[in-house]
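Structures are listed in the sections that come next.
In the two complexes below, chain A is the common chain; its partner is chain B in one and chain C in the other.
Here is the complex of A and B:
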C-alpha cells in the first residue's frame, strides 16, 4: 500500500501549481524522497480571514496502515491560533482526521484542503482553544479576528489561561 | 480506465462493485477496508452496502453473511490454535516456514501470519480468508482451491515434492519472501504425501463444529428428560401402583422423553412448552397403553 503514497506524490506534482483551486498550497511533498511516510506542507491562510498573508507549516505522518487509517496531521507547535487547534502542540481537531470518520478514498490533498477550509470556519463546538472558541460562540468576530492577528504578528502568548486573566 | 479509490491503481483487474451504490474497488482493497473499519460503508459515499459483486467472477457476495461466517470460523480456529504449514521435505525432517512477511491475497493483511501457501503459483492466504471465500461463493466442499491458479490444496495431482534446492532457489528469486528462512526440525510425525495439511485442518474444523452441535443436543435432551423424571418420580413415590416395576419406569421414561424431543424439535424450549404438563399427559397415555 505504500505504493499509494508514491502515486499521490506523482499526481500532486501535476496538480499543484496548475489547479487554481489549490493555489494556496505552496508545497505538499515528502520531507525526503527516501521516506514517503513523512510529509510537510506549506500553505497560506485563506482570504477574508486573519490568517491571510501568513504562511503555515503542516506536519503530516502516514502510518503503515495508510490509507486504511487517517494520516496524523498537525500544525507546527505554537504557530496556529485557532479554536480547533491546540496552540501549544499544533494538534488539530477535525472529524475527517478521526479514525471513525476517515475514509480511504481521501488523500493527503483532501486532508490539507479540509484543514485550510477549517481555518475559515472555526467550529466552537469541539474546541481545543477555549479562549478563541468563547469569542466565536459569543459572536464577537472582530475580537476573535484581532486576537488571532495579534498572535500571528508576534504577540506573546503564555500557556492556557493567559487570555482569560486579562 | 477507472482507478480504485483506495489504492489508486487501475481497476482493469480484480474489480468489484458495491451493489447498493455502484462504486467500484479492487476486491482486495474493499475487503481490506471492511475488515479494518468493521462496518460495511462505502469509502466514497458512506452508503452501507450489503452486497458486493465480483465483476470478473460474476459472483455476488452477501456481505452480511460473510461477516457472520468469518466470525464463526475465526472463533473456532482461535479455539484450535494456529495451524502451521509444513513443507514436504526430506524424510524424518520437517521444515517450518515463517511466512509472516507475505500478504494474504484475499484480505491483503500481512500483520497476521499467512498460513496457506500455494506451491503452484506462490500465492499466500490466511486459511480463514480462503475458507470464508469458499463459503461465500457457495462452495461447501472440503477441498480448498487456490483462487489464483485453482490448484487444489492437498490434492493428489500434485507435482513431486519440491527439493530443498528448488525451495531455496525460489525463495531467493522472490524478494517478498525474505522471512522464509528454513529451520530444520526433527520429525514430529511423518510428512504427508501432500505439501499442505489444509484439507486435514478443514476436517478438524468441521469435526469440532459437529462435536459442538452434539454437545448442545445432549444438553437439550438432558434438560427435557429432567422434567420427565420429575413427573415420573412423583408417580412412583406416590405408590399409586400404576408403575409397578423399575423396567416399566425406564420404558415409560424413554417413550415419553423421545416424544418430547420430537415435538420440541430437539431443543429445550421451556417458554414454548410446559414440559411438566406435557410429560404428565404423555405418561398417562403410556400407562393406558401398558394397561
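Here is the complex of A and C:
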C-alpha cells in the first residue's frame, strides 16, 4: 500500500554504501520484503565517543499514517546506555521522533542520522537515564564515557535501581 | 360588437372586470393605473377558473389535462406551506453553519453533554411520536389526525430534526450527517404532491417511515456517540425497504408505485443493479477460472483477474468512515465498479487512504492553512502582513514614529554627511564638457545612436568628450589581431562575412567586420556567447538594411531566436544527462515521493507538496510548513506544464 516506503527502500539501496556521509550505517532495510512497515537498522557508534567500535540495532516501525506521523524507533532493549535512551526498553527521547516536531519531509534515513548524531551529543535536559544525565550535567565527561564503556563491554546493570536514586 | 361582447362575457365571465378599479376613475391618470390592474385581474381570474375546472376533473381522468393542471400545481407549490417551511429551514440551517464561522479557529467550542442529550432527546421524542402516528392506521384502522395535518406535522418534525442535528454537529466541529434520499426539499415537494392528491396510506406510509427512521438513526448514533455505526443501521433499514418494494412490485406490478416513489428510488435501484451485475460477472469469471466441473486439477489462479484486488478489499477501497448513508455509499461503489479509473481516483491506489476529504467545508473548519486555497499571489505574503495583522494602535504608532525618526536621521546624514563630496563632484563635472549619457532616455536614444559615429570620428581630436559607450572601456575591442584563435573563429563566421559583403551595406563603426572585432581574450565563454547573440542581430540588421533594437530584432526573427535558444539548451543539458535525471526525480512530492509537486505554500513559498498530500496534511491539522516550519496561511496550486 505504501509507495513511499517502497521508494525510500529503493533510494536507500542506491545511496547506502556509496555516500561516505552514511558510512556508519551497516544496514537499513525492512525486516522482510513482504512487510515494509517494520524496518531494522544496524549502525556503528560515532567516532570519538565510547560507542565507537560497537554496533547497535535500531528497530523501526512505520505506522499506517507514515509519513504523516513519525515512525516508532527504538534501540534493542538493554543494549544502549545513553542519557536520552531508556536502558531497559530501548526507548529514545528525541524531538524529531515526537509527533509535534516531526515533519513528513523527513525519511527514515534522516531519522537514523538524527539518532546517530544524538549518540555523540547527549541532551541531559530531557533524560531517560538519570545516572548518565547527572554525569553529563556535572561535566564529568571521563566518568560518563567510562561508565558507558563499562556497560558496553559487558558490565552488569541493575534493572530499575538507577531511576529510583533520584 | 355589443353582441359579441355579451356572448364573450357570458362564456368567460372572468373577463368582466370593468368595475374593478384601484383608484377613483375621476382622478388624474386613473386609466393608466386601472387598465393594467383590470387586465391583470382578468388574467388571474382566468387562471383561477381554469384551475378550478381542471382540478374538478383531474382526479377522474389523470392524463387528459396534464399540461395546464400540472403547471398550476407546480406554481402552487411555491406558495404552499411546505415550500415556505423548506425555505425557512434552509435559511436556519445556513445561519447555523455561518454562526460557526464566528468561532475562532484555535478554540474548539464544545456543547456540554447535558445540552447535547436534551437536544437529541427532543428530536428523538418528536420523531418517535411521529412514527407512532404513522403506524396508527395499521393498528386500529383509524388515523389519529387528519391526513393533511399529519403531513404538516411530519414535515415540521423532520425540519426540526435537521436543525437540531446541524446545530449540534457544527458546534462540535463535526460534519452534519446527510440524508441522500430524503432531503428537505424533496420531502416538501413530495408532501405537497400528496396533499394535492388523495393518497392511499400504502403509497406514502413507507416513505414517511423511511424518512423518520432515517432521522431517528442519525439522532441515536449521535446521542450514543457511535457515528460510525450509521452506515450499518442505514443499510439494514434500506435493505428492509428494498425487500418491501420488491415484494410490492412483484405482487402489484410496477404501475402500483407512485411516480415520486419511482423517481426517488431510481438511483438506488440503478446502483444496486450495476453492483449486482458486476458481482455476477465477477463470480462467473471466478468460476471459469477455478473450473470446479473439470476433471483435471488444472485450477487457474483468480488473483490475476483485473478486479481481484478490488474485490478482496472493496470496503477499504470504498474509503468509508461509517458515517455515510446507504444510498450514497452504494452509488459510490457502483461508480467504482463501473469505472476503474474512478476507483483509482477515489482511493484504490492512493497513498494515504485513511482520510476522506469532505466535499465542501465551511471556512471555519479550516484548522490549518493547508486547506485555504488562494487564487492569486497574496499581497500579504509579499509584504509580510503577519506582523501588521495583530498590532494594536499603540504598536502601530510606535513603529510609525520609529520609521519617521530613521527617515529623518538618514535625510540629515545625506545632507550634511555627504555634502562636501557632492560639491566636489559637481565642480569636477563642470570642468568637463556635457555628458551625453545624462541626456539619453528611452525615447530619444535612437538619435544618439545615429550621432555616435560622428562623435567617434571626433574622438581623436577631443578626448574629453563623453560617449554612449561605457566611460571606462579600455578593452582592446577595436584592435585587429592576427592570433590563431581569431583565425579559427573567423572561419566559423566565414559565411556570415560573405553575406555582409554581398549585402553591400556600408558598415558603420558600430557593426565591426569580424576580422577586426575578434579580441584576443575571446577565450572567455561569456564573451563568446555575447558575441554570438550580437552577431545574429547584426547579420539580421544587414539583411533588413536598417538599424534594429533587440525588441525589433526579436519581432523579426522569432524562429531564429527559438532555434538559438534550443541549440544552447541542448548543448548545455545533453552533456549532463545524470543531472537532468536527478532534477526530475527531485520534483516529486517530498511526502509521498510519488506524485509531482504542484502546491506552493504561502507565505513561505515552499514548493514541496502534491495536492493529495496537501489534503492529507490539512485534514490532520498540520499548521506549519513541512519544510521550513513557517506558519502556513494558504496554498496555491501550480500548473506545471
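Structure notes:
FYI, the second predicted complex is superposed on the first by the 160 of 166 C-alpha atoms of A that agree within 3 Å, B and C clash if a C-alpha of one lies under 4 Å from a C-alpha of the other, contacts with A are read in each partner's own complex, and residues count from 1 in each chain.
Simple rule for what comes next: a residue touches a chain if its C-beta (ideal position, glycine included) is under 8 Å from a C-beta of that chain, and two chains touch if they have at least 3 such contacts.
Just so it is clear, the model here is predicted, and its values are computed rather than measured.
The superposition on chain A brings chain B into a clash with chain C. Once the two complexes are laid over each other on the shared chain, residue contacts for A:104 go to chain B and to chain C alike.
Judged by the touch definition given at the top, the superposed model places A:65 against both chain B and chain C. Legend: residue contacts after superposition of the two complexes on their common chain; A:3 is shown touching both chain B and chain C.
When the two complexes are overlaid on their common chain A, residue A:53 makes contact with neither chain B nor chain C. Looking at chain A, you'll find residues 1, 3-4, 7-8, 11, 65, 67-68, 103-105 touch chain B in one structure and chain C in the other.
Across the interface of their complex, chain B is touched by residues 1, 3-4, 7-8, 11, 65, 67-69, 103-105, 107 of chain A. On the chain C side of its complex with chain A, the touching residues are 351-354, 590-594, 608, 613, 616-617, 620, 622, 624, 626-627, 629.
Against chain A, the residues of chain B that register as touching in their complex are 5-9, 29, 32-33, 36-37, 41, 43-44, 46, 108.
The touching residues of chain A, counted against chain C in their complex, run 1-4, 7-8, 11, 64-65, 67-68, 103-105.
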